[in-house]
Amino acid sequence: MATITTTKAANVMVVTVTEKRLDAKIAVSFKDEMASLINAGETTVVLDLSNVGFVDSSGLGAIVTSLKLIGRKGDLLVAGVKDDVMTMFTLTRMDRVFQMFPTTDDALNSLIAK
Amino acid sequence: MATITTTKAANVMVVTVTEKRLDAKIAVSFKDEMASLINAGETTVVLDLSNVGFVDSSGLGAIVTSLKLIGRKGDLLVAGVKDDVMTMFTLTRMDRVFQMFPTTDDALNSLIAK
Amino acid sequence: MALLHLSGEATFDTVRLVGMAIRAVCASVSSSSEAAQIELAVVEASNNIVEHAYRAVQGDIALDVDIGEKKIVIALHDTGETMPTASHQSANLDFDPMNLDDLPEGGMGLFLMTSIMDEQSYVSVNGKNTLTLTKFLHGENND
Amino acid sequence: MALLHLSGEATFDTVRLVGMAIRAVCASVSSSSEAAQIELAVVEASNNIVEHAYRAVQGDIALDVDIGEKKIVIALHDTGETMPTASHQSANLDFDPMNLDDLPEGGMGLFLMTSIMDEQSYVSVNGKNTLTLTKFLHGENND
């Protein structure tokens, strides 16, 4: 079962995590699905976490892996992070690594503005 | 520790349950506190359950005991019942026994209208 | 999908923790209102163990919670007094809502369990009582 | 106030149920955001048991959850490999957020546990490992 759904908006791939928990149980599948997309050339990605109520360090690690895979070729923006999940980003200081936006639209607008 | 707080509005006693759970752990204390009030002559009571997220059959039983104690001398109106707690009233058909109101103010208004 | 065991001393404090834990794990496969009802059924069953199975004596309560995609099965174990057969077979609640004297102040626990859960079985073997409650899940888990 | 035991086979499915149950019982004495953090700490500790203590072998995970008014104490038990002393003493997470190559993809679990919980101890006796996590509660339980 896929952990994500995707929609293409112009040259941006919006990836929505469909699971409520991005944790050790699904981190590997999620990482693989992200890698397929990125390897297929999708290097400007908005990751929509608005369905996600819990992220553990394997889930966060898989997001970091995706960012590294994209590298300097593109962008990985994170959108829709709930408060409890945001704590995970701030505790690990990953809020300074990722560009974070309240909604997918905000993330898309920031890309258009460039 | 008291399970309720009270405020008097005209001849009506508004009883607010302060506990999140009206269950077997506190049903006896709650019943005793209600009995003291009723025995002291408070026979028109609005019971505010807006803080309560869970009621079990001992809690519901204690409310019924209070109603019986008031008897035909007065009134016991129930206000602020949350959805999950309402299910308890409907399953047991106690929603047909008690006059129920969305808020304490609605309950007070219905008494004034009389 | 996964099995979780819960246990503790049979007290009303433990029942609170059990209830909250059950609601949370059920909400992962069920709607939040259905999870709240399952909590109620389990709390009623657990209160009965504290109040009736152990009455004045101490003892433990243990639950096996099986969270599946199609059903939730919760087995409650105690080593106290066995429930009389008459009790768990007559779980009705008849009263006239208009007649104050007729209103029940107790005896609603078994009725609630039966109303909420789809299947219920009770066995007592070698002093160990097990009440098994099953809830079948329907369609999407909408909150 | 009350002690609840949780246990199950050490799998990521069980860890999910444990996490949700822990959050729910902690929320009864703590704020909902603090309860979410405690869930995270316990999930990290539990994942480590699945991934490192048992690695390829099967085993059980058991938790004692002590919910008090002043503190929450959670003890995690396993009978797998013992954590090397170096591991549970060096729980830092240093990296340059601007340097892509330097970003950690793992190794954040112990750091998170240490950041979230107030006290942490680890003992291994006769093949039984126990990690004890303590969180002190402050003031009112506001949601």
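Going by the order they are written in, the chains are A, B, C and D; count residues from 1 in each one.
The criterion applied here is as follows: a residue touches a chain if its C-beta (ideal position, glycine included) is under 8 Å from a C-beta of that chain, and two chains touch if they have at least 3 such contacts.
Values in this document were obtained by computation on a predicted structure and should not be read as measured data.
S.K.: Applying the touch definition from the top, give me the chains sitting in contact with each of chain A and chain D.
M.R.: none
S.K.: Comparing centres built from CA atoms, which chain ends up most distant from chain D?
M.R.: Relative to chain D, the chain with the farthest C-alpha centre is B.
S.K.: Report, in whole Å, the distance between the mean C-alpha point of chain B and the mean C-alpha point of chain D.
M.R.: 41
S.K.: At what distance in angstrom does the C-alpha mean of chain C lie from that of chain B?
M.R.: 25
S.K.: Please tell me the distance, in whole Å, between the geometric centres of chain A and chain B computed from their C-alpha atoms.
M.R.: 48
S.K.: Going by the touch rule set out above, which residues of chain D reach two or more other chains?
M.R.: 13, 16, 28
S.K.: For chain B, give me the residues that contact two or more of the other chains.
M.R.: In chain B, no residue touches at least two other chains, as defined above.
S.K.: For the protein chains shown, what form does their contact graph take: line, ring, star, complete or other?
M.R.: line
S.K.: Mind listing each pair of touching chains for me?
M.R.: A-D, B-C, C-D
S.K.: If we count contacts the way the header does, which residues on chain A are in touch with chain D in the complex?
M.R.: 21, 23-25, 54, 56-58, 60-62, 64-65, 67-68, 71-72, 83-84, 87-88, 91-94, 96-97
S.K.: Going by the contact rule at the top, pick out the chain D residues touching chain C in the complex.
M.R.: For this pair, the touching residues of chain D are 1-9, 11, 13-14, 16-18, 20-21, 23-25, 27-28, 65, 67.
S.K.: Under the touch definition given earlier, write down the residues of chain D that touch chain A in their complex.
M.R.: Residue positions touching the partner: 12-13, 15-16, 19, 32-33, 36-37, 39-40, 43-44, 47, 50-51, 93, 95, 97, 100-101, 103-106, 108-109, 111-112, 115-116.
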